[in-house]
Amino acid sequence: MDKLEQLKTTRADLDDLSAEFSSNEESEEGSKDIKTDVLTINFGPQHPSAHGVFRGVFEVDGEIIVGIEPHIGYLHRCFEKIAEHRTYTQFIPFTDRMDYLSSMLNNWGYVISVEKLADVAVPERAEYLRVIVGELNRIASHLVFLSTAAIEAGALTPYFYYFDERERILWLFEQLCGARFTYNYMRVGGVRVDTPDGWLDDVLAFTERLEKTMVDYDKLLLGNYIFKKRMKGVAPFSAEQALDWGLTGPSLRASGVNYDVRKADPYSVYPRIDFDAVVLYNGDNLDRVIARSQEIIQSINIIKQAVAQIPDGRVYSPGMPRYVTPPPGEAYAHIESSRGDLGFYIISDGSPKPYRVKIQGPSFGNLQVLPAIATGSFFSDAVLIFGTLDAVFGEVDR
Amino acid sequence: MLTSVELVEFAAKNGIPIWALDASIALVLALAVFSLCGLGVIVLVYMERKVSADIQLRLGPTHVGPRGSLQLIADMIKLLSKEDVFPKHADRWLFRLAPALVFIAAFVGLMVIPIGPRLVVQDLSVGLLYVLAIPSIAVAGLIMAGFGSYNKYAMMGGLRAAAQMVSYEVPRALSVIGIVMLAGSAKLSTIVDAQGFWYIFLQPIGFMVFLVSTLAEINRVPFDMPEAESELVHGYSTEYSGMRYAFFLFGEYIALISAAALTVVLFLGGWHGPGPELLGPIWFAIKFFGVVFVIMWVRWTLPRFRIDQVMDLGWKVLLPLALLNILITGIVMSI
Amino acid sequence: MISEIIYFSVFVAVGLTVVVLMLGIQKLLQTKRHSDAKLSVYECGNIDVVSDPRIQIKMRYYIFGLLLIIFDVEMIFLFPWAVVFKSLGLVALIEMLVFIMILLLGLLYAWRKGVLKWT
Amino acid sequence: MDLTKGQLIQQPASKAGILQEQAPGAGLILGKAGDLLNWSRKNSIWWMAFGLACCAIESLMCLNTARYDMDRHGGLLRNTPRLSDLMLVAGTLTHKMADITQHLYEQMPEPRYVMAIGGCAINGGPFYYDSYTVVRGVDKIIPVDVYVPGCPPRPEAVMYGIEQLKEKIIARGMIE
């Protein structure tokens, strides 16, 4: 009996020994490649290229990103809950502050949903004005995108040129509705005011100027060898991946998917306007930047046609009540915002206040892809990828 | 030389040891160089702000002093009166020594640069080697700052500074070998005197390699990896405030001064120009500001490289080009 | 030689004096009001430090550092050679070419082995 | 989060202050020196790149651009609190962001100033009075020097605010 025990323990010892031996072998093999740790870096909320209040916890091995954990919610202002306590018209200023770089388009997305819910007809002139201001705002937003992309790549100068052009657009908006930045211009059933005298001529003059200057700016930024080298082939995104992750807008079209709400589900007077959705095929950083730059050209094209086609008449549909009270029911409408597919889903219970407003913001969908495509890239590129995904945190957090 | 025979005789008569005489003259000269380079920093920072403003459709400083020229003075006095934050976790000595090292290394490098005929503090026979080697010590300061501040961004900035130095030290030094071969000396004043015909025309490849690696050496765009603001918040100097930061700023601009002056000396004929010899420093200044303007122009036009691209450029393009330059120079000179 | 060393040390001393003097003036002028938060590490505003910055970080340019030493040594050999090159002539050129070629081959070898790639 | 923990640990004033109290005649010299310091402080206001929401685009980004160009007055955008004199709190401050804002403020070296830009930073905003996440004004957590109203204020308004801050800086003595 004792002998058996002894044998057993010897056996166990031997097992231990062999285990130790094998583990030694393993550690020896491991020591060939010196063990290094990953550095956990906080990126944001206060960071020069955090685009507001994004916080990403980046795990960096040397210079390569091995993991990203995004933290959002630093700007959560509970818009959807607030909407339930405001009348339909009162909620329009909130949409301004959602995606604050393209306020007009957010206004538009909201009022178009309410109009669908309440079945309100919009005068022709108002529709054209919406197209004009919407596209102007898209240009302004893309200009901010291009300038931040340039800053993140380390070039400061393009930012000043792009913002100069943006100032001109803001000046036009100020002429139209009195505000530089948060416009509150659209109303359920039209737009708030008609254009001042000569405003459309100013718009045309601006588009002609921008058409010329954009050529120079593209040469300055997109034609730059270093910029191209930094951007080309970084974080490529195939069409399937883009669709799986729910990307929308220029980022999706840069991956080769021809989906533009203005074409796929036309609204307003877009069917009467001849333009192309910008589709590029590599889906890398460079394409995402070029897509924006080319969309500016397309927007100029749209504005020119809209100004040519705009009829005279009223801009606000007659007989609209002070409080819009849609019948009970629900409606969903979406538009092509400067960041992608912006949808509003509104449920009405027949009272002057909505029962529920659900906002489908494109920035959120675009941002969630960041860990998937930025892992494995350089730290400096991860910042660029985050920039080219073009998230606005007013809209991500709402 | 400046230690003239009379002075030595005077010293010998009065029993002053020769080293004391040397030291006192050196002190006077050091103070002169310091005030000159202090003035240079003020002019260059003002110039940088004005040039960048001009490129960016802006005006630049206009309100402080005549045309905003007192802007840097206001900034400096303000930095002098700011609170000096010494982070709790920072390494005591590394954190303190880093700005001093960056500043002193850049300042001491100015010792051998001739700005006119015989206008040089110490005309070393290995002046070229000295002026390449000493300012590079500043990189150690950046690494110390990065490691000492116990901050991740600073840490990465310091490591990048090291990576960059590793890649650009060699091409920069190799690119001037051709000049040494042509001039037959590593003494800077001899190199200037040998330039009847500017070396920029005899050594175009060398000049390009030298200019690019100089940009990398002094951490200017497109090679400002150590302080890449878009990802590493302020790079190696993230934790520094007040005067300690100002020394980094001084160091950076003095490095710019010495790099631009070296470019003038090596490739643009130094103080040579039409007119009497007395105008030498003026010609030197004109060429100097020309080079500085080009560096600033590049700074405000180009984006930044990525770290691997930076190293690729250094090892795979500039180093072979520099070696090729030596080869071509040697063959042409032998024929 | 001794005079050059004196000059060098005087320059270093002047630089050091300037640094000490300026920091002293700052010490006199500043308003010190420290709190724990002020002395803590800057982490983009986050209060908790999520990891230690002084870890064993991966130095991907280690091999580059080795190459730097090799080429720096080469450079030191090249300088004296370049100074007297005019008087030595063709033989010296060929000798030095062989030397450079060996190093260049080394560089090419490292390049082919993929060491110069930032992985 | 606890909104009352914003108190700083008070320490004795600068050595210059002690000197002024003890040495006779030092007051005059220090007064002149204080004028010089105040002149430099008002002419070199570096602000922190700290944007919260919409106001950041208007007040932080536009303030640098060609039309407004605070560089003319010596204003520069700095990325770290360590180099900043002024914190522009531009945008809606939420509870989640509040302690970060406070932390950043505390990391700025003295002398430091704060400007609350826009309705949200002043008192929680014209719209978010019934929001459960918005802090009703940044002055609940950090001391504010200048308030610039607007939603968002124009860049000119922010420039005017900075002019007001300059007057405040001059009015302050060197020794606080």
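Which chain is which? They are A, B, C and D, in the order written, and residues in each are numbered from 1.
The working rule: a residue touches a chain if its C-beta (ideal position, glycine included) is under 8 Å from a C-beta of that chain, and two chains touch if they have at least 3 such contacts.
Bear in mind the structure is a predicted one, so any value in this text is a computation, not a measurement.
When the interfaces C-D and A-D are ranked by C-beta pairs in contact, the top one is A-D. Distance between subunit C and subunit D, defined via averaged C-alpha coordinates, is recorded as 39 Å. Once the centre of each chain is set as its mean CA position, subunit A and subunit D turn out to be 31 Å apart. A separation of 14 Å divides the Cα centre of subunit B from that of subunit C. Once the centre of each chain is set as its mean CA position, subunit A and subunit B turn out to be 43 Å apart.
With touch defined as above, residues shared between interfaces to two or more other chains in subunit A number as follows: 39-40, 42, 45-48, 63, 160, 164. Shown for subunit D are the residues that touch two or more other chains, namely 37, 65-66, 79-82, 100, 104, 107, 109-111, 174. In subunit B, 56-58, 81-85, 152-153, 155, 229, 233, 238-239, 242, 307-308 are the positions where the chain touches two or more neighbouring chains simultaneously. Viewed as a contact network, the protein chains are fully connected, with every chain touching every other.
Against subunit C, in their complex, subunit B makes its touches with residues 3, 19, 22-23, 26-27, 29-31, 33-34, 80-89, 99-100, 103-104, 107-108, 111, 121-122, 124, 126, 128-129, 147, 150-153, 155, 159, 162-163, 166-167, 169-170, 173-174, 177-178, 180-181, 184-186, 233, 238-239, 242-244, 246-247, 307-308, 311-312, 315-316, 319-320, 323, 326-327, 330-331, 333-334.
Contacts from subunit C toward subunit A in the complex involve residues 43-46, 50-51, 53, 55-60, 118.
Contact residues of subunit A toward subunit D in the complex are 45-48, 52-53, 73-78, 81-82, 85, 93-94, 97, 100-101, 144, 159-160, 163-164, 167, 180-182, 393-394.
Per the touch definition, subunit D reaches subunit B in the complex via residues 36-37, 39-41, 43-44, 65-66, 69, 71-74, 78-80, 82-83, 85, 107, 109-111, 174.
Of all residues in subunit B, only 52, 55-58, 152-153, 155-156, 221-222, 224, 228-231, 233, 300-309 touch subunit A in the complex they form.
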